[in-house]
Amino acid sequence: MRNRKKTEEWFFRNLMSAVTYFIILILLLIIWVVFQKGIPALSWEMVSQTPKGGFYFGKDGGLLNAIVGSLYLASGAASLAWLISLPTALFMNVYLVRYKKFLTGIRFLLDVLWGIPSIVYGAFGFALMIFFNLQTSLLAGIITVSLLIAPIMIRAMDEVLKTIPMGLLETAYSLGSTRTETAFVIFFRQALPGFITAFLLAFGRGIGDTASVLFTAGFTDYIPENLSQPAATLPLSIFFQLGSPIPEVRERAYAAAVILTVLILIISLAARLLPRNFKRNVI
Amino acid sequence: SCSTSSSENISLSGAFALYPLAVKWGEEYRKLHPDTRIDISGGGAGKGMADALAGAVDLGMFSREISPAEKEKGVWWITVAKDAVLPTISASNPFLGNLQQKGLSSTQFRQIFITKEISTWGQALSSANADKINLYTRSDAAGAAATWAQFLQWDAKQENLQGIGVFGDPGLAEAVSKDPLAIGFNNVAYVYNINTGEKRPGIEVIPIDVNENGRIDPEEDFYDHAGSLLKAIAGGKYPSPPARELYFVSDGLPENKAVLAFLKWILTDGQQYVKEAGYVPVDTAILQSELQKLNGK
Amino acid sequence: MIGRQLIDKLSSGWMLVCTSLLLLLPLAIGTGLLAKSIPVLEHQSFFSLLSSAQWSPMEEKFGFYPFIISSVMVTVLSFAMAGPICLLAAIYLTQYARPVLLRIMHPVIDILAGIPSVVYGVWGILVIVPLVADYIAPLAGSQLTGYSILAGGIVLAVMCIPYMLNLLIEVFRNIPRELNEASLSLGATRWETIKFVLVRKGMTGIISAFGLGISKALGETIAVLMVVGNVVQVPGNLLEAGYPLPALIANNYGEMMSIPLYDSALMLSALVLFLIIFLFNSLSRYLIYKTELT
Amino acid sequence: MSYNLAQPDPVISISGLNVRSARSHILKNISLQIPRNKVTVLLGPSGCGKTTLLKCLNKLTDLYSELTVSGHVYIDGDDIINTGQDLSAIRQKMGLLSQKPYPLPLSIFRNVSYGLKIQGIRDKNTVKAKVEKHLREAGLWEEVKDRLDQPASRLSIGQQQRLCLARGLAVNPEIILADEPTSALDPISSKKIEQLFVKLKKDYTIVLVTHIMQQASTLADHIVFMYLGEVIEQGTREDIFERPKSPVLKEFLATGH
Amino acid sequence: MSYNLAQPDPVISISGLNVRSARSHILKNISLQIPRNKVTVLLGPSGCGKTTLLKCLNKLTDLYSELTVSGHVYIDGDDIINTGQDLSAIRQKMGLLSQKPYPLPLSIFRNVSYGLKIQGIRDKNTVKAKVEKHLREAGLWEEVKDRLDQPASRLSIGQQQRLCLARGLAVNPEIILADEPTSALDPISSKKIEQLFVKLKKDYTIVLVTHIMQQASTLADHIVFMYLGEVIEQGTREDIFERPKSPVLKEFLATGH
C-alpha cells in the first residue's frame, strides 16, 4: 500500500519535473534559435536608422521605422484598449455583481472575442476602414489592435477584480460612497497592481501581432509623424524581410526578432516588477 | 479619382514582391524631385488593387495576372518590370545531369504538376527509376504560381497545381533545395544571385525543352548565368509565360500630374534600377506602348 | 453633493457605453462577416459550402470541408500534446518547484507569448519539419516531406503552451493553501492531494484555461500555414498535409480581396471559424457550469 | 412575537421584513423597533440570520442577486426597501462594522478621512482635526499617530477593527451596526472595543451582534433573540437574561458562557 | 523558560525550534513537551505565533517556502523536522482542525471518507459505518444524514467546523491539533465541540489554541502561554490562572473574560 503510493508519487513527481524542464528546454531552444541567427546581423545601425534606398537589397539602413512604429502602435492600442477595458471591467464587478447570469454571459462573449484569430480582426478592421473611408494608417492600426487586445485586458482585469472580497464592496457602500467612487477610488486602488500587469501584458501582445496590422497599419519606411500616416511594425518587418530573395536581408529579419524579443522581455519584467511599487496600500 | 492626395504626395500600396523596387524608385526619384513625398506601404497584391480602386492610394503594386472580375471594375494598369518563373530542383537531385541534358517540356510539367500522370522520376526521364517526385507549390496566392500554371495549361490557375503548399518564395526555394527528390518553381531572384549572376547554393534549374524534341538544344541552354538568362527572357527565347509582367494599377488613368511624372520616370530612367532588385527590365517595344498609355492612348 | 450624483451618472453612462460597445463587438464582427459572405452564400448553398470538398475559387467552386477537417485535426492534435503537458508543468511549478523557478518562468512565458508567429513558423521549418520527415515518418514506413498535420500540431502545441501554462499557473496559485494543509494533515501524500483535491478544486479554471488554449490553437495562422503543407485534401492520417481554415484566409486574403466572390468566400471561412469558436466556447462554458454544480 | 417595545421615537422601524433565497426563507416576517441612543443586541445561534438582518438595515442585500427582500424598513421614517432614493445618503447615516474588518486600500489617515472627502469636507485642518478626534474615540490614536501614512493593511486585526470603527464614526453616522466586532480578537483588544461602545452609546444608536453573553449583558439596553430567521423574544437585559420565556432561549442561555 | 514539564512519556517533544520569515523571527527557540492523553492549551495574544507552532508539529510549514524552520520536533521519538521520512504517515497521526474550516471540494460523505480512502480502506460497508460513527462523534450526524451527497461547501460555518473535526477523527489520529475551533461559532455549537473534546481527551492527545479563557480553564490540563514568539510560562491550570508569574501573563489574564 505505502509502497505503491510511494511509487506513484515518485513516478508522477518525476514525470512532472521532466515535463516542466522539457517545456523550459523547448522555450529556450526557440529563443536560442532566434538569438543565434539574429545576433550576427545586429548592429547599432539597425536600431538607430530608418531604411535607406536599397536597404531591402542588403544595403545601408536600419529598422528604426519598425521599432518606433511598433512602439507607437502598441502604446496607442494599449492606451485605447485601457480606456475601454477599465470601465468595462469595473462596471462588471461593481455595477453588475448582482446579475450573476448576465456576468456569465459577458464573460462568455469575452472568451469568444479572445478566441477570434487576429487575421479576422485584421479583416474586420479593414472593412471598418473602407466603411469609414479611412486610409491605411497608424490610427486604423491602433483601432484594430485595440479591439484585439481589449478582451485580453478585460479578462485579466476581471480576474483581479473578481478576487476582491465582497466585504470591501459592502464597506465602501456602507460609508456612503456612490458606485462611481466605489469603482474608481476603492476598487481601482485595490486592483491597480493587477491592472498594470494587465496593461503591460496586453501591450506585449499588441506589439507582437502581425496579422491584424497587415491590412490596417500598412508598412512604410518612414517614421509616422501623425496618426493618419501608415506605420511599419517589427513583426511585419520580420515577416516581410523573411520573404526577401537576398540572404543578408533574411538575416536581418532575425535581428528584428531579437530586438522584438528584448522589447518584450523589458515589458514583461516591468509587468512583473512595476506593480510592486503600487502594492503599498492593497489590503 | 485620386482626390484624396495633394499634388506633391504620391501613395502606393500592394504586393510585397514589388515593395523593395518601389522603395528604391521612390528614393531615386526624390533625389530629383525633393518636394515630392512618396508613401509606400505593403499588404499584398489584392490589397493594392482594393486600395487603388477605392481611391485610398494613387497606385497599387500588382504582381499577378489581373482577373476578369478586376478588369470589370475598370482598373487601369501599366507594366513596370518583368519577372520569370523557373522550374527548380535541389542541387543534390540524383538525376541532375540527365535532367540538364534532356530538360522537361511544358507537357511533361503539366503531367507532373496538374494531372499527376507522371509521379516518378523514372516516368519523367523514361527510365525505370521508381523514386517518387516530391511536388511543391506556393501556398500563398502568388503571381509566380499563377504564371506557372498558365504556362502548363493556358486556362489553369494556381489552384490546379498539386503538391505541398509552402509559404513564400524563400520557403519554396528552401524546401526544394533540402529535398533531393523535390520539384518546384521560383522567381528568378530566388534562384540566382543577381549581383554575381551565380545560382544560389543548393538550388538548380530544370531547363525547359521549348521545342519538345526531348533534349536541350544549344539555343535552349542559357541557365548557367543570370546574365544569359535575363537576355533570353528579354529576347523572348525563354517563353512567356512563365515569364510575366509586373504592374502598377490605378482606378482609371491617373489625373494627378505628379503620379504621371513618376510613372514616366519609372518607364525611362527608372528601368536601370530594376535589375538590382532581381527583376527583368521591360523590353523597349513594350516601354514605348506603356508610355503611350500615360498620354491617355 | 449634487456634483457627486452628477459625476456618478456621467461615469455610469461612460461605463455602460464601453461595456455595450464591447458586447456589440462579437455581434458586429459576426454580422460584418455575414454581410460580406452573402455573395458566396447566394452563389452556393451554405450546406454545400460546408460539405463540398472541391475548392476551385477561380472556377467559382467553394468547398470548405477539407479545411474544416484539417482545422479540427490540427487543433485536437496540438491540444492533446499541450494540454496534459501544461497541466503537469503548472502543478509542478506551483506545488513542488522552488519559487525561483516560477519567477524565472514568468518572463520566459511572456516572451514566448509575444514572439510573432512567423518566428515560430521559421522555427518549425528548421526543426520540426525535418524531425517529422527524417525521424517520425520513417517509423510509419513512409517517405514524406515532413510538411504535415503532425508538424502543424507540434508547432501549434508549442505556441499554445505559454497561454495555457500562464492561465493554469494562476488557477493553481489561487487555490488556498489551507486546502492543501487540510488534505496533507489527513495523511494524504502531495500527489494524492493534487489528484483528489487540487485538480478537483481547480476544475473550472482548468476547463476554462484549456478552452482558451484551444481557441488560440483554432485561430492561429501564420506559423501553422508555414509547416502544415496546405494541400486541399481531407488528410487520411497525421503525416499527410492539411489546410486549416485560418491558413486559407492568410494565404489568400491580402492577394485576392479584390476579386469579389473570392473575397466573399474568404470572409465566409472567417465566419465559419467564428462559429466554430463560438460553439466551442459554449461547450466549455457548459462544462464549467456542470462542474460548478457538483 | 409582534410585541412592540414601548419606545416613543425609534430610529429604525422594521415591519413584515422577509428575505428569501432560492432554497430557503432566511428572515421570516420580522417586525422590530430599534430605540434611539440605546444599544440593541442581536443574539442567536449561528446561521439564524443576524448578519442578514444587519445588511437589510443598510440595504446591502442589493449586492446579492440571490436574495429577494420584501417588507419595510423605515430609517427615520423613510422606507429604504421600497425607495428609488439615493441610497448613499441613507447609508452615510449608518456606520457598519463588519464581522471581518475591511480596511480600504489607502493609508491609515486616508481611511478615516475618506468619509469626510465624500461629504465634501476638504479643508485640511478640519480634516486633520476630525481624523484625530475619531481615532482617539476608537482608542487607536496613540498606537498609530506616528505612522498615519502607512497602509492600513499593515495593522493587526484588532487595530484594523478599531480603524474601521473610527472610519465609520468619521462619516458622522447616527447609527452604528456592529457584527461580532470582537470575534477574531484576543481578550485585550476585545476589552478596548467594549469600553468604546459603552462610551459611544451616549451619542449613537448601536445595533450589535455578538455570541459572547458577557458582552451582551455588559452592553445591552435592549436584546433581540433570533432563531431560524424569526424574532423569538425581545426585551431589556433583565427580561432576557433573568426572565426568559421561550424554551429555545432558555436552552441557549443555559449553554452560553 | 526551558522549564520542563515532569511528564514521563511526552508524545511531542520540541527543542530549540525556530521559525523565521524574511523579515521576522516568528518562533524563538521554543522548547516544549506535550503530554500524552492530555489537553494542552496554547494561549497568547493575536499574532504571537500559536498557529505557526501548530503547523510546525505537522510540518505543514513545508508549504510555505518563505519560512525557514530549524530545531527539532520529535513525534513519538522521530524528529520530523530533519527527516527524509514519509511525512504522510506521520501526518496521519495528527488531525488538524484549522482556524477557519476548509472543507475539501467533495461531498459531505466523501469529505469524511477521504482519509479512509487514503489509508486504502475501500470496503463500502466499513467506510459507511466509519463515516457515520465519526459524524456522530462530531455531533453532526443528525443534521446531515439526509444530504450526505451534497457539497460540503453548502454547510454553515459551524457545521463545516464540525465536519472538519469528523474528517480528522476518521483517519484515526493519536493527536488532535485544534486552532481556535469555536471562534466563529455560537454558544450552542461551541458547547458541543467543547463537550466533544472532553470526551475525546480520554483517547487522544489534544493541542488546543483558544482566546476564550473559560474554554481554556474548562478543558486544559496543561497551559502554555506564548508572547511574541516565545514561550513565557507554562504549567497546570492552577499554575497559570491562579499563580501567574510574569507581568505580561498577569495583564493578559486581568483583561480576559
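By written order: A, B, C, D and E. Residues from 1 in each chain.
As a working rule, contacts are C-beta pairs under 8 Å (C-beta built on N, C-alpha and C of every residue); 3 or more make two chains touch, one makes a residue touch a chain.
Please read these numbers as outputs of a predicted model, since none were measured by experiment.
*Asks:* Would you mind checking the shortest number of contact hops between chain B and chain D?
*Replies:* The least step count works out to 2.
*Asks:* With respect to inter-chain C-beta contacts, which pair, A-C or B-C, contains the greater number?
*Replies:* Top pair by contacting C-beta pairs is A-C.
*Asks:* Given that chain D is a copy of chain E, what angle of rotation, in degrees and a multiple of 5, matches their CA positions?
*Replies:* 175
*Asks:* Could you give the separation in Å between the centres of chain A and chain B, each centre being the mean of its C-alpha atoms?
*Replies:* The computed centroid separation for chain A versus chain B comes out at 37 Å.
*Asks:* Counting in whole Å, what is the centre-to-centre distance of chain D and chain E, each centre being its mean C-alpha position?
*Replies:* 32
*Asks:* Rounded to a whole Å, what is the gap between the Cα centroids of chain C and chain D?
*Replies:* One centre to the other, that is 51 Å.
*Asks:* If you look at chain C, which of its residues touch at least two other chains?
*Replies:* Expected reply: 4-5, 189, 192, 222, 250, 253-254, 257.
*Asks:* Taking each residue of chain D in turn, which ones touch at least two of the other chains?
*Replies:* Only 88, 118 qualify.
*Asks:* Hunt down the residues of chain B that sit against at least two other chains at once, touch-wise.
*Replies:* Within chain B, the residues that touch at least two other chains are 43-44, 47, 50.
*Asks:* Hey, which residues of chain A end up touching chain D in the complex?
*Replies:* 97-100, 165-178, 181, 185-186, 189-190, 280-283
*Asks:* Enumerate the contact residues on chain C facing chain B in the complex.
*Replies:* So the residues of chain C touching chain B come out as 55-59, 121, 125, 130, 143, 145, 147, 222, 225-226, 229-232, 241, 243, 247, 250-261, 263.
*Asks:* Please name which positions on chain E make contact with chain C in the complex.
*Replies:* So the residues of chain E touching chain C come out as 55, 58, 60, 63-65, 86-89, 91-96, 98, 100, 102-106, 114-115, 117-119, 151, 164, 167-168, 171, 177.
*Asks:* Considering the complex alone, what residue numbers of chain D touch chain E?
*Replies:* Chain D residues touching chain E: 44-47, 156-158, 183-191, 211-214, 251-252, 255-257.
*Asks:* Touching chain E in the complex: which residues of chain C?
*Replies:* 98-99, 176-189, 192, 196-197, 200-201, 294
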